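Next come two complexes, and both contain chain A; in the first it sits with chain B, in the second with chain C.
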Partner chain A sequence: MTDTTSSPQGVSPGGASGDPIRRPVFVGPHLARRYARERRFRLLGLASVATAGVILLILLGSIVSKGYSAFWQHEVDLDITFSAEELNPDGGPVERETLLRANYLDMVRDALKREFPDAADDRRERRMLYGLVSPNADLALRNMVLEDPSLIGTTQTVAIKMSDDMDTFAKGFIDRDLPEGDRRVKDREISWHDHLEAEGRVHAAFNVDFFTTGDSREPEEAGIYGALIGSILTLTVTLLVSFPIGVMAAAYLEEFAPKNRFTDLIEVNINNLAAVPSIVFGLLGLAVFLNFFGLPRSAPLAGGLVLALMTLPTIIIASRSALKAVPPSIREAALGLGASRLQVVTHHVLPLAMPGILTGTIIGMAQALGETAPLLMIGMVAFIVDVPQSFTDPATVLPVQVYIWADSPERAFVEKTSAAIMVLLGFLVLMNAVAVLLRKRFERRW
Partner chain B sequence: MSSTSMTTTPEVASKSPSPEQLANRYTKVQSRDVNVYYGEKHALKHVDLDVYQNEVTALIGPSGCGKSTFLRCLNRMNDVIDICRVTGRIALDEHDIYDPSLDVVQLRARVGMVFQKPNPFPKTIYDNIAYGPRIHGIAHGKAELDEIVQKSLERAGLWKEVSDRLDQPGTGLSGGQQQRLCIARAIAVNPEVILMDEPCSALDPIATARIEELIDELRENFTIVIVTHSMQQAARVSQRTAFFHLGDLVEVGETETIFTNPVDSRTQGYITGRFG
Partner chain C sequence: MQTFIVVLALLGFAAVGYTMGRARAVMTAGGMPKDLHSLPSYYGSYTAIWIGLPSLILLAIWLIVQPYVIDGVVMGGLPAGMTEGLSPSEYGLLLNDIRNTATGNISARAGEPAIAEAATQLKSLSQTSFILMVIAAFGVGAGGLAFARNRISPDLRARNTVEKVINVVLIISSLIAILTTVGIVLSLLFESFIFFTKVPFYEFLFGLNWSPQTALRSDQVGSSGAFGAIPLFVGTLLITFIAMIVAAPIGLMSAIYMAEYADPRFRAFAKPMLEVLAGIPTVVYGFFAALTVAPFFRNAGESIGLDVSSESALAAGVVMGIMIIPFVSSLSDDVINAVPQSLRDGSYGLGATKSETIRSVIVPAALPGIVGALLLAVSRAIGETMIVVMAAGLAANLTVNPLEAVTTVTVQIVTLLVGDQEFDSAKTLSAFALGLVLFFITLALNVIALSVVRKYREKYD
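And then the complex of A and B:
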């Protein structure tokens, strides 16, 4: 064997049979083919990456270009008279009750009528005129007066939200050159809008309400805060349930359980569970959590439990591979010192596997955050205006909010949908970034 | 080193026991008819071997001969392997260590182990040493623990090199230092017996020489069983040598005798490098 290396180049006498020794050829078409193959492979790889990148760019581009406008809302400055007759009829000290019950909508309407006196006669036109502003504009006025009762009796220039159609028009999404019958905004409304704009009363403002309110039938009032809180509450339940159970299961299976048929069966089934369509978990949750245990419908508690079922396999699988990656020499070292198996696991193996476990958990959570189907089955798809305050309040979550808005007919919900997707993606990116950071920060230290 | 390059028997340590030491030998570990099975495989066959106190016993033999398996029986490290089965009797101070009433955690505190590859915990040097005393409740208070850490590092000949960086990770040390750290970690719990599984196989010759010196010093206070592939090492550090081959204990005796005048032809063949 060793004599072949010392023999001269070319054919050298081989073993007992006297066969010539064949040496590799480093020239000729064989080598060229080899390089060409590698080049092709690299090009194909590059093309795949480029395709994926382009698709991602298109996706993000379309979402951002459709959704960015939702962060702005057009308002119109109206001279609102806070009528003393309505707000303080008896002239005595201001009563909170009266302020709460007063009709602020009329004040908005009066302001509009003063602005466009010629529209005040016809009932249909009047209604069209009132439709310039949000039907919920009175709430903002009420809050103003409640905060500062000295406004009563004065006339103030107040920025009132425009209605969704007018806002959409102001943003330029409705073509004024279309025949009148083909667009939602009529000629009359356009003329009012142009008039107000010429007076400098129309302006766009950052849509704070989008981030501070719950859902609404009126697109200009609808916000994602309710869905966001719903998502946070739901994911809290999911994390609290699935993390301890998942880690315990993984630690037991990996470190303590004997390796036999039964544990093999469990392993196969965990892998199968990870592949079960999520809607099936939703049905299970409906049958078990709602019908059998009687948990409240549409509540983050039930939603979180369903998502926990769905996330468990992910966490168990990730945790097991993290535990497996801890070198056996660490376990032996601790065992050799007289540590019990529990001490080996809690003092050494689990802390070393924790970054991997957390990474898996965060990825599982990110999956749960984006999940819609199982929540449909337990009623979290309902239209819920109030921001949930507890785990048992009716709630919805971000992806379901996207679904609800995408399903709404109003044109203004298109941008809201994309904006909600942006918020959802933002959170997903944030969570995945944390996972990457954790992995980088605590990379193998042995 | 490759065994083929060696044609002469290695030089034997001059520290062989004196006649009166031989007469006063105390059997620390006694094994009788020990068999180990890995599933169907009969890995160790009818091994009778005595380990004497305050001596270094070297286990030599070709790869796969069962010497590491035997070593791991002595502190029941084989327990963690599901398919492994041990029969026969191994006694530490005349108490059967496979007695079901015996606590394996206590056994391992009495029989420490140093592994082939240095395996410090990914913690600070201090915590590496302090871990054993902590879990066994040996130290009472911080001062006592500090003292144990310092003493152990001193005995392992590592104190001077690391005394100013006890709070740094043990994994940041060089290979030889890591192995001495592992030895210090093992002696921090004051075991009676220390098992070493090829402790120098991952080290360079200088680090190996330091560890060998250390083993000789540790012999004063501990009973040592060492598995080694290097016959020179066995000759240098041990008082008694046991030769294993294909799961059989072929021959055991004074190191000097084994290396100069072996009884069995297989031993002869192995130590002169004809096989293995």
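And then the complex of A and C:
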């Protein structure tokens, strides 16, 4: 220990091996190992964060790469003859009733047969030929004629939606080099498709119907509009119920409640409710709202109430911390000017805490928007074509629509599912962005 | 919808009452609001409360009682032969037929004259009752208005009354949380109790066979129903275990890196990224698991000669682990940040490197909190539904092989309750028994985790 004077760290005489500068013995060769271990540990941490990031990218990437193609739909231009015999058999003034009942599918089929006369003889081939276009193609024609009866008797070039398999093929997702038995689209269909394409009749159009129609068994007809409206109706109920109750409960617990065992019990309760699995809330909704109170099944009303109970803890906890952040000096000043305790809260504390409360509420709503399991329990998983009009109509919501489509066997539903997920994520990003903006712009720090 | 309009109309009435009460108060004070005990608006609110509260309470009671009375009258009016000796469920069926006929829906027995007659009676009774209800509600409201108007004088302590009412409303709102818990426990206990009268308790908890198909007829074969939940518990634990193997190290190491190493710029980028991972709906994870991860594991298994089920526990567990990573990391991040700086400084002062400090000082100091975070994560994984519904199997295999398909408690609850239900079959009721088990297990885990975390916090505060 005599050498301590020569170096502040304490150097021992025999420690270093041929090194001109003598190193302290207790670090010696260990130090490099310790630093290496330090670097490894740090790298491990970085790798963990990076893993999470990479997984997120893979997740989003796989959704986008599967779903982007759903936003357009291939159509084929066919020369449709709006036959006067079918639409206006007696030659008099056009009757709406006749137009509604007319067989438009035959007009599409006639157009296809004219295009490919050689396929018209064999029954099986004919069926295959008709399968090129969507089985619901007649509805579009009917609407055209209803809108403009002067079309009757003329021949028009109309863009008809292709069926889901042909659409998938036209998008290039079915490999034509596979043996015929291994793919959904047969050689014959491919030759027709190539023929139509060579004539310039096949083209892709933006899939407007995806955003304007309800669910359908035919992937090319299915849209998310119904689920979107269902989500909006459900979330409206959730917001109307959970926001006032949540804010009032938070205000009571934070501003008025005496500190006793009872309020402690409420607090513990709220914290536990926040961690109860969502499916248990579904069971509660099924047993209480549907079986006991007799609310309609599958309705946004029942779904919204269940989600409201689920979001309540989130809103209460967020509102309480927002209220807690308001400094006591504000309360004392208001009390000193003669305001009652309720006036202090409603006139001063609540307005100041509002940005924080709203941020918490939006985040709670975003959670509710993505929630699926409890809604399955109360029957919102039904196949519903119509767009819901009121809180008691049968409806489904966006995440449940994702679940329903993910369960469907058709290949074309995979892209629909991914597209629906993209829309759902879009709404979530939007809501969270609003929440962040609110927090950044209005939140005050005292 | 009609009721909704009535409620709106009553609220409108209360709003009118508000302005009337306010004007009345100013008038009684001879146009000098300063002579009033409270601000004029409190007299308005006082009047509005007297109109709205009694009439809305009446409305609620009416709506609850009305169906029982009307149903009783209608069923009483049916020929005696139709209602005698019916079981409760048959009685309900008959009532349903009458209701459907009345609303014009398709009903099995619409043709029968007695049913048609009862339906007309039901319809006319409902209409009469609705009109009576509206009249009564508005009558009570008008009475409240008259009473409040009479009471209003400069000496009336309107503010105190209004604040008392508001205080009661606030207390009621904070009781909703307790009511929800009570509702959950009661509804689960009630249905489970009926289930346990059909299936013995020990058979449910310790049975090794789960096949909830019950026979419709007694002579049917192979569907007597077995309700041993052990395979479900094992499946749930297996998937949870896999999830924790993924989530615990990654989440913990991310938290350590973010709390101890990362500079603010990196944090500002990485924290929102983890939050995005946390904000993705579970149904999206389910889709990802079923369509991307499961086939990947299957192909990877095939290429090395392993037989991986396409609904393997591995895929569901790994994706569930991914979902839980942000949960573990944000909770542990908080816990690690709560370790006092003095402990770190002491360790550095003794010459320890950063990683040595983390391993031998910070993690041991934060251990209770980390354990709490992991317990919360486990409870999350056990209760998670959509990922396993979409990616795990339905068959209740009793196995711990992660490459095989297993089923979980939540999957079974969903499959048992989606679709048609009869509430007297053991099959449907067993879902509630499973829900009860799920509720108590997650509750216990949460209580333990929260108390561990709290105790730890007290140590450093």
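As a working rule, the second predicted complex is superposed on the first by the 395 of 446 C-alpha atoms of A that agree within 3 Å, B and C clash if a C-alpha of one lies under 4 Å from a C-alpha of the other, contacts with A are read in each partner's own complex, and residues count from 1 in each chain.
Everything below uses one rule, namely that contacts are C-beta pairs under 8 Å (C-beta built on N, C-alpha and C of every residue); 3 or more make two chains touch, one makes a residue touch a chain.
Everything numeric here is computed off the predicted structure, so don't read it as measured data.
Asker: If chain A is used to align the two complexes, do chain B and chain C fit next to each other or clash?
Answerer: When both complexes are placed onto chain A, chain B and chain C end up side by side without any clash.
Asker: Once the two complexes are aligned on chain A, which partner has more residues of chain A within touching range, chain B or chain C?
Answerer: Touched residues of chain A are more numerous for C.
Asker: Can A:Ser340 be said to touch chain B (first), chain C (second), both, or neither?
Answerer: Both: A:Ser340 reaches chain B and chain C.
Asker: Scan A:Met128 for contacts with chain B and chain C and give back first, second, both or neither.
Answerer: It touches nothing on chain B or chain C.
Asker: Regarding the shared-chain residue A:Leu105, is it in contact with chain B (first), chain C (second), both, or neither?
Answerer: A:Leu105 contacts neither chain B nor chain C.
Asker: First (chain B), second (chain C), both or neither: which does A:Ile174 touch?
Answerer: A:Ile174 sits against neither chain B nor chain C.
Asker: Output check: A:Leu151 vs chain B and chain C. Expected answer is one of first, second, both, neither. What do you get?
Answerer: In the superposition, A:Leu151 touches no partner, neither chain B nor chain C.
Asker: Quick one: classify A:Glu38 as touching chain B (first), chain C (second), both or neither.
Answerer: Once the two structures are laid over each other on A, A:Glu38 reaches chain C alone.
Asker: In the superposed arrangement, does A:Ile190 touch chain B (first), chain C (second), both or neither?
Answerer: neither
Asker: Chain B to chain C: minimum CA distance in the overlay, Å?
Answerer: The answer for the closest chain B-chain C C-alpha pair is 6 Å.
Asker: Residues on chain A in contact with chain B in one complex and with chain C in the other?
Answerer: 340
Asker: Given the complex with chain A, which residues does chain B contribute to the contact?
Answerer: Contacts found on chain B: 75, 77, 80, 82, 105-109, 112-113, 115, 117, 119-122, 131-132, 135-136, 169, 171, 182, 185-186, 189.
Asker: If we count contacts the way the header does, which residues on chain A are in touch with chain C in the complex?
Answerer: For chain A paired with chain C, touching residues are 34-35, 37-38, 41-42, 44-49, 51-53, 55-56, 58-59, 62-63, 66, 244-246, 248-249, 251-253, 256-257, 265-266, 269-273, 275-284, 286-288, 291-292, 294, 309, 312-313, 316, 340-342, 366, 369-373, 376-377, 379, 381, 390, 392, 399-400, 402-403, 406-407, 414, 417-418, 421, 424-425, 428, 432.
Asker: Please output the residues of chain C touching chain A within their complex, sorted ascending.
Answerer: Residue list for chain C touching chain A: 1, 67, 159, 163, 166-167, 169-171, 173-178, 180-181, 183-184, 187-188, 190-191, 249-254, 256-258, 260-262, 270, 273-274, 276-277, 279-288, 290-292, 322, 325-326, 329, 353-356, 358-359, 376, 379-380, 382-386, 389-390, 410, 413-414, 417-418, 423, 431-432, 435, 438-439, 442-443, 446-447, 450.
Asker: Within their complex, state which residues of chain A touch chain B.
Answerer: Residues of chain A touching chain B: 258-259, 327, 329-340, 343, 347-348, 352, 445-446.
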